[in-house]
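In the two assemblies presented below, chain A is common to both, partnered first by chain B and then by chain C.
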Partner chain A sequence: MKISALAPAEVARRLRQTGIVFRIGPVTAHLRSPVPAVAEGLCRLYADYPLEESGGFADFHVAIGPPPNLRRWIRPQAVFSFDGHTPFRPLPLEQAFPMFEWSLNWCVASCCNQYLILHAAVVEKGGLAAILPGPPGAGKSTLCAALVNRGWRLLSDELTLVSMGDAGLVPIPRPVNLKNDSIEIIRRFAPGAVLGRTSHDTQKGSVAHMKPPADSVERADELARPAWVIFPRYEKGATATLQPRSKAQTFIYAAENSFNYSYLGAQGFDTLGRLMDACDCYDFSYSSLDEAVATFDGLGPPAETGIQSHA
Partner chain B sequence: MVSMGLADWDLLIRQARRANLLARLCVLLEERGLLDAIPPAPRNHLLSTRTLADKQAQAVRWEVDCIHRSLAKTGVPVIVLKGAAYVLAGLPFARGRLFADVDIMVPRERIDEVEKALMLSGWATTHLDAYDQRYYRQWMHELPPLKHVIRRTVLDVHHAILPDTARLHPDAAKLLDAALPLNETGDLKVLAPTDMVLHSATHLFHEGEFENGLRDIVDLDGLLRHFGAGADFWPRLAERARELDLVRPLFYGLRYTKRLLGTPIPEFMPAAADKGRPPGVMPLLMDALFSRALAPQHPSCDDWFSTTARWLLYIRSHYLRMPLHLLIPHLIRKAFRADS
Partner chain C sequence: MASDDHSTWRVNAGFELHWRSWGDEYVVYHSGSGHTHLLNHTAATALRILQQTPAALPELCERLASEAGVEAGGDLSGALEELLADFARQGLIERVSP
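Coming up: the complex of A and B.
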């Protein structure tokens, strides 16, 4: 049974009372929240996620609720709780839903050391996956949103989970976090895309989340093979250009921008090495999303490489 | 344990995470060959935290090495305390232990020298508020916590195990004299086994923070089981507690490890520690408080009295730490601070 099988009022009621348990790829979340915006976001963006029986095992017991002080009434705030523990400061109530998204990312990034976790979006087509790392603002979420609206499968817009050893990519499809101008850009690029409510004045500016394609959610158990590591950069007026980049440098960037590479020791090194061996690495500059999608659709399978490619 | 259902595992993982004992639990299951029999979802959490604990054990060794090198020129002997000491001494129960900071002890008369040398290597003081600085330096048994400017690691430098103003007066010089070397040059040390036990018990039963209460009593159990197997350990422990004025914490330590964790304790020990028994019905009252404070601070472990019990123990710890004419102004000051 999916979340969409529940009427919105029922979703809100359960969130207020026992909570809702649902599965996102390899993890199960148990969410409680009396905040209407959270119920609304869940109904709109998580409709396709499978419900799990409560009373089983959940990886993350999380809640978004009012803080235990006057700020529940005066200029109201929301606070995230991870099973009773509150690791972050409260945010304005208006940001309750983005807060849930960010907090759940934090749960995965800090509790799932069975994977090497890279800070990158990842999408797949024809069995081959493209990993999109890059600093905030480089446009990885925008490009990721564009690709998944044109037939690419969403694995994640934020967390690339690499399974240890064989370097397979584990999907954890979640709503895509769009910021500022990207919100309008994606609305225009994909009028059919479902976006949640926009929250203004967050730490990242205005943010809205885009519903992942139903197919991506349904195929969340299907691992993907890494084929390309592509650093997107939006550049005004640029024609879409792929520029090969060094695998060694890409390795180092990925390691430095991993959430847990430093914990994983030799196993992490081997896994990341295997991932880089399997991938062609590029810098990608673009200004038109249509051109960018065409470039991605035209990517050939990665070159068969061995150790010498690191030289 | 292997017959537990998923709902039981759900609760156990949550409580163990809150108690900072997930990785320790993982090691215990592994040592008994039971890890593979556990359902994959909870097992992932055990292993994931175990990975973190292994990394921390390595990081703690490196950190102590950095501290040791920073202080080498001063020639001051460094005594490593608590978790870092258990790892460096290779004690079996330290496998899977998680850390927040490193604790060391140095002779009181050398503490200025030590602080300067550490500052030169990048450890800067925290708690920049003038009142806090004075509070630590005048009354406490440690410097305000130091933080390394690059690695962001936290270091507590002690010169004693209790403040001067505390009700009990263990002589820090005796602890330093009995400490055992970890290296050939003998300037890196850990406390002697009896002193390690007494320090662990003193820390647990005289400090007011119980966030890691269960983890700390698990440490104490680990120490007693490990050292308790040695010849004469127990009589020496009783004797040492008298010498150091720490019979009261020993009394509590033995009482609660035995009750909560079934720690094997020889028959004669309770009598030897009985001088530390608080008068009258106090032990029963303390049972009511400690049984709650030593449980994981998870909603599923709390009852109507848990929050109050922890608050009472917090007040008690301050009361034990300093006389009322110092304590009351301090607590008032803390209560009305801008950042609290």
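Coming up: the complex of A and C.
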């Protein structure tokens, strides 16, 4: 049974009372919230996610609600709680749904140490996956959104989960976080894409989330084989260009931008090494999303490498 | 941490180095510090030599010249001295007690 099987009023009622338990790839979340925008976002963007039995096991028990003080009457706020703890300061109530998204990212990044977790989007087509790291503002979420609207499968727009040992990629498909100009760019690029409400004046500017394709959610148990690590960079007027980059330097960047590489020690090193063995690495500059998608569609399988590893 | 010709160096005892290489670039993970280092071919060869057997600067120069194809003359000795000091600062190598 999917969340879409529930009427919006029932979703809102359950969120206010017992909460809703739903599965996202390898994790199960139990969400409670009396905030209407959270119910609205869940109905709109999580319609295809499988519901789990209420009261059953959940990895994360999270809530988005008003803080327990008088501020709620002065300037309404929302606060995130996780297993009864409130790790973050409240945000304006209008940001309740983005707060849920960011907080769930935090839950996964903080707790799922059975995986090596890289800060990168990841998409798959034809059995081969492209990992898209890059600093904020490089355009990885925009490119990710464009690709999944052109037949690529979304594994994640933010967290690449790498299976320890074999370096397979574990999907955790969630709504794609679009910021500022990217919101209109994707509306124009993919008029059929479903976007949630835009929240303005957040720490990241204006943000809106795009619903993941139903196929990506349905195939969330299907691991993908890593094939490319591609650093996208939007450059006004640039022709779409792939430039090979060093695997060793890509390794170091990925390690420094991982959420738990240091925590995992030698196991993390070995897993990231296997990932780099399997992938071709590129810098990618682009200005046109159509050209970018065509470039990705034309990627060949990764080159055979003379793998050398030593313990 | 300046070295001298009489110091013998070795990889820090009690810790493991884990290696990975692609072409002439290397990454090495040091189990003691938890740090990962990016090394070029020359630096990686020097560290490997010290991992195999302790060596003093003159011996390291000779072996590096033969194993990494580095020219023995010029300022190799000075460059290696700096490299050893850097390795020592990173906790990768230590002086062997006489």
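Note that the second predicted complex is superposed on the first by the 307 of 311 C-alpha atoms of A that agree within 3 Å, B and C clash if a C-alpha of one lies under 4 Å from a C-alpha of the other, contacts with A are read in each partner's own complex, and residues count from 1 in each chain.
Assume a residue touches a chain if its C-beta (ideal position, glycine included) is under 8 Å from a C-beta of that chain, and two chains touch if they have at least 3 such contacts.
It should be emphasised that the depicted structure is a prediction, and the values quoted were computed from it without experimental measurement.
**Student:** Looking at A:Glu291 after the superposition, I want to know if it touches chain B, chain C, both of them or none. Which is it: first, second, both, neither?
**Tutor:** Touch partners of A:Glu291: none, neither chain B nor chain C.
**Student:** Examine A:Asp83 and indicate which partner it touches, taking first as chain B and second as chain C; both and neither are also allowed.
**Tutor:** first
**Student:** So in the superposed three-chain picture, is A:Phe57 touching just chain B, just chain C, both, or none of them (first/second/both/neither)?
**Tutor:** A:Phe57 contacts chain B only, not chain C.
**Student:** If we overlay the two complexes on their shared chain A, which of chain B and chain C does A:Asp270 touch? Say first, second, both or neither.
**Tutor:** second
**Student:** So, does A:Cys112 touch the first partner chain B, the second partner chain C, both, or neither?
**Tutor:** first
**Student:** With the two structures laid over each other on chain A, which partner does A:Ser246 touch: chain B (first), chain C (second), both, or neither?
**Tutor:** It touches chain C, and chain B stays clear.
**Student:** Which of the two partners, first being chain B and second being chain C, lies in contact with A:Ser262: first, second, both, or neither?
**Tutor:** both
**Student:** On chain A, what residues does chain B touch that chain C touches as well?
**Tutor:** Residues common to the chain A contacts of chain C and of chain B are 262, 265, listed in rising order.
**Student:** Give the list of chain B residues in touch with chain A in this complex.
**Tutor:** Residues 6-7, 9-10, 13-14, 17-18, 39, 41-42, 44-45, 47-49, 51-52, 54-55, 297-299 of chain B touch chain A in their complex.
**Student:** Which stretch or stretches of chain A touch chain C in the complex?
**Tutor:** Residues in contact with chain C: 246-249, 251-252, 255, 262, 265-266, 269-270, 273, 276, 305, 308-311.
**Student:** Please output the residues of chain C touching chain A within their complex, sorted ascending.
**Tutor:** Contacts found on chain C: 16, 18-23, 25-27, 29, 31, 34, 36, 38.
**Student:** If we count contacts the way the header does, which residues on chain A are in touch with chain B in the complex?
**Tutor:** 28, 55-59, 61, 83-85, 111-114, 260, 262-265
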